[in-house]
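To keep things simple, chains are lettered A, B, C and D as they appear, and every chain counts its residues starting from 1.
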Amino acid sequence: MNTIGHIFRLTTFGESHGTAIGGIIDGCPSQLKLDFDFIDSELLRRKTAQSSTASQRKETDQIEWLSGLLDGVTLGTPIAFMVRNEDCKPEDYEALKDVYRPSHADFTYEQKYGLRDWRGGGRASARTTLPIVVAGAVAKQVLKEKGIQILAKVTDMGDAEKARREGDTVGGIVECRITGVPAGLGEPMFGKFSAELAHAMFSLPAVKGFEVGDGFALAGMKGSEANDTFINKDGKITTATNHSGGIQGGITNGNDVVFRVAFKPIPSIAQPQQTVNRAGETCQIAIEGRHDVCALPRAVVLVEALAAMVTVDMGMMAGR
Amino acid sequence: MNTIGHIFRLTTFGESHGTAIGGIIDGCPSQLKLDFDFIDSELLRRKTAQSSTASQRKETDQIEWLSGLLDGVTLGTPIAFMVRNEDCKPEDYEALKDVYRPSHADFTYEQKYGLRDWRGGGRASARTTLPIVVAGAVAKQVLKEKGIQILAKVTDMGDAEKARREGDTVGGIVECRITGVPAGLGEPMFGKFSAELAHAMFSLPAVKGFEVGDGFALAGMKGSEANDTFINKDGKITTATNHSGGIQGGITNGNDVVFRVAFKPIPSIAQPQQTVNRAGETCQIAIEGRHDVCALPRAVVLVEALAAMVTVDMGMMAGR
Amino acid sequence: MNTIGHIFRLTTFGESHGTAIGGIIDGCPSQLKLDFDFIDSELLRRKTAQSSTASQRKETDQIEWLSGLLDGVTLGTPIAFMVRNEDCKPEDYEALKDVYRPSHADFTYEQKYGLRDWRGGGRASARTTLPIVVAGAVAKQVLKEKGIQILAKVTDMGDAEKARREGDTVGGIVECRITGVPAGLGEPMFGKFSAELAHAMFSLPAVKGFEVGDGFALAGMKGSEANDTFINKDGKITTATNHSGGIQGGITNGNDVVFRVAFKPIPSIAQPQQTVNRAGETCQIAIEGRHDVCALPRAVVLVEALAAMVTVDMGMMAGR
Amino acid sequence: MNTIGHIFRLTTFGESHGTAIGGIIDGCPSQLKLDFDFIDSELLRRKTAQSSTASQRKETDQIEWLSGLLDGVTLGTPIAFMVRNEDCKPEDYEALKDVYRPSHADFTYEQKYGLRDWRGGGRASARTTLPIVVAGAVAKQVLKEKGIQILAKVTDMGDAEKARREGDTVGGIVECRITGVPAGLGEPMFGKFSAELAHAMFSLPAVKGFEVGDGFALAGMKGSEANDTFINKDGKITTATNHSGGIQGGITNGNDVVFRVAFKPIPSIAQPQQTVNRAGETCQIAIEGRHDVCALPRAVVLVEALAAMVTVDMGMMAGR
């Protein structure tokens, strides 16, 4: 269950302070000349995004491409890649080794596996999303040839600089728009385009909400307000409004696919907190380490990446 | 892609006005004595739910069990079942055969498949969710033996009776709570408990939003407000609050799993609407047929059913 | 695990003496006009095949189509079908209820599930292969449009009439040839065309061996004898010989795909046999019921059906 | 389709002369202390096996473990590993860049992907099976704790030393036995234990035949000869003979699982051969490079590895 996708598939590996993190992209079309500069720039978006709101961990994040390429062209075989973990400071976490940080995955991982990699959050660290950016960048290249574009942005975010001063963190919302997507993508029953997007977005750490089109606001509308009237625009059938977010009956209708993702605040706060340790004893913690104040800026490229992967995959499922 | 689940799996079939609708439950534990009265009562919840807000289509909805049982006890082999479609009135839809109803799946199905079953919405009809109720009722029995309960309710809904008079429809929100779920369910990367729930809920018609715990509200909170402090309660580690909705790092923490699902208003409204037909010509329609004013009452048991199926499946994935 | 295929998928259900057997075909292309006469004739091949060597159970085997069709044309949605079980004589099996018939699945089913449907072999009955014939017939229609043909025949079989007189049964070998298959089908590592065929054929009851091309004979050859020289035949690259059976590196090379399937003799013999019962007591049994002397004649259409399904599915996986 | 397994899954990557080969093991139980010496010894079995019959490529085959471990103990998260490719001599293959070697995958890969990595066979090289040995060694450790052992051996092989002198190659047969496997593993319809084994074995290069128990010989037997009588042996129900190879109705019966795998001779022979090039022109080739005379010795550990992986996976599927 570390794999996402049906035909265009990504399997990821890695813990925050392990040897490396990376992934295998399986099902990528052959004969695609990878634009490594673009891939690096996507990683850079993730990195510079962190400048003011994010942790100070230094990672060069140099991708090593392990397979699937000949002279930079995809062979159709699995594309494996990895990034070594550097600047690891497990000692920052040693004090928290036996403590369950509030709203972190420490407790749940131990319940599931009987042990956990306590160094920097292990597999649950946000660092493990890096392979998603790489696979998303490859997917975007596949989409570019089809004229499909994906653009996300932060639409809501707490006051990060104030939170930093207070030893606190903030959450926010990312909105994403897929333009140029053809009508007819998505499976009608259990692989709806919206369901696949929802599944993908909830794979990101800290995601607690997802909505398509007008989303939760639609729950308060009347049908006469919410319906998207079909119109003939220059010989092409489309809708006058887009309350549906480009998806009807689970299938894209050719309009922009629009969705929003809600991120909770990062649980690693500098303020002292009460919690319990493995022995069940109450204790106080103050999380030091190096942590983001807000996940939102770096989440933008992650949301785009997963949206790109889902769109490529659903396109392949539909034979397009 | 008409299958949901990894080990406990449901594959459904059927169109609104075809011969029958039904499904195959694969992966159900053997030696379970099915409580057919309970299953019928779940179907009845769906039916009586419709009394005031729903369509007047009369269906006896008599389940015919086709396989997988010996004297009412599960064999471990696939449990197939079906319900015949009765009281079909395709003539109600004949006028809409070549017209794309606003915010319906008519247009998208044609884009995807090149044709569609225009009788009563075909595969996109809400009627096709009936097999989910059946599979969910079976899943609930599996959970009952483990002390897990699932309870959903409508928390927000427009004024249905007013809408009916105005030839309009309303949407709303269903909240669901899973109690007794053990800690440790859910896969950490791409099969998070929350992601599986999101995927399942977006499989229901008209769903446009999904959130876990405090959901979208968390986007506006600070970390110090959103974090769930761990406490030792009578020797058991739990959390003092449940902003996380029972899921941390994608894995259940033993607290109640709580989530909310937003449904848009049903798009079939009696008011005249403008749209286009297959030829791209603008036309006026007034949807007659027999339609719900609100999907919410019947959605409650559907939300519970899918939640039950996901919980059973994730439990099996975790070997519990 | 009652599903076969990746995109073109069949999920089957049913026990020999249950209410019905059938299946759901998911992923069939839309807009295909089903040739029901052809499908019936395929079922008839299975039936008449039985005339001299097979059991006398009378089944009209009337297919009831439940979904996925509009005026006989595929909608792209799941095609469900079933055949009711008739002429059931569970009393024939009552005496064997607590006995483990040699080389049958009685014992293994009980070990797996804790119980079994003892009536006519339950899920392990050869009758449960009927849905495969139906799905195979649909797959053949898909292939026909692409100019791909599948033809199997019995190449080896014991002396059936002698065996019948002696209260015994015989096994044999079915050879199958797929012509017109394009080069490039099959996944190179874990979804080789040969591996998918092998998996499919071993899904049939009584199959104990499978080989592609010259198969086991290749183990005794030298490379210089086994290699298939490439030649240019009228501008098309092909091979002069076909020891490889049309598959190299797991991928079709455009030549005929040729494979052979070994079936063991049916274990239900009229001769008295020693075995043990559920209590572990030694006992004598003489299987009466109505049983085939040889599975081979009816296996021919089954081998073809699965070969057709695999070919359609691998074609879809390759986007062809 | 570079993934094998349902719960215990291996995804592999790599080409013969690319940067590295490796894989990700997903679904391995947590809290298993890996025996790295054993894993290395398994790789050594593969290497020393080559001494007399195999190619002279020098590879240190040093495994680098990338994730999923803490102090050598499995975390339950994906275990990624890789081996760098060394001693690559692409120039050995440069002359064959545009030529389709007989019975190799050159032609089929180009048909499938439009290009191929011509250096050392690329993805189709036997070198790409190395990750299978690693994953198999991990699976064997899982089985060891359950008392399950797997042992394969070469039972038939051509005269390798004679073939080497003649610039030829030979094939052969590997027989494998799984002891201690509990009754009840395997899914009854499309995931039979035998079908899963067949699929796995046909994933190995050069495999052209597979049989379980007496296999093809059963096709010539009578039921009275082929049936395995159940007996009570010291209070445990087992069979007096094992013609079935431990599998009945697709499910293990507790007896040894026995199967045989036929390998064709390696197609890279030193003798001159006629073939065609990409332009369709007839040409002569003499394959130099460094090639095995026989794949059999190194195939033994591969057959064991895949058998171990299938057994672990089927055990997990059965919840055991």
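Everything below uses one rule, namely that a contact is a pair of C-beta atoms (placed from the backbone, for glycine too) under 8 Å apart; a residue touches a chain by one contact, two chains touch by 3 or more.
Treat the numbers as computed from the prediction; the structure is a model and nothing was measured.
Path length between chain A and chain C in the chain contact graph, taken as the least number of steps between touching chains: 1.
Where chain A touches chain B, over half of the residue numbers in use are shared by the two copies, so each contributes mostly the same positions.
Counting C-beta pairs in contact across B-C and across C-D gives the higher total for C-D. Taking the mean of the C-alpha atoms as each chain's centre, chain B and chain C sit 36 Å apart. Separating the CA-averaged centres of chain C and chain D is a span of 26 Å. Listed for chain C are residues 1-3, 12, 77, 112, 123, 188, 317, each touching two or more other chains.
Interface residues of chain C, counted against chain D in their complex, comprise 1-4, 12, 100, 102-105, 107-109, 111-112, 123-124, 128, 156, 158, 163, 166, 168-173, 182-192, 194-196, 198-203, 205, 207-216, 218-232, 235, 237, 239, 243-245, 247-254, 262-269, 271, 273-276, 280-282, 317-318.
Those residues of chain A whose C-beta lies close enough to touch chain D in the complex are 1-3, 9, 11-15, 18-22, 24, 26-27, 30-31, 64-70, 73, 75-80, 82, 112-117, 122-123.
Residues 7, 77, 188, 316-317, 319 of chain C touch chain A in their complex.
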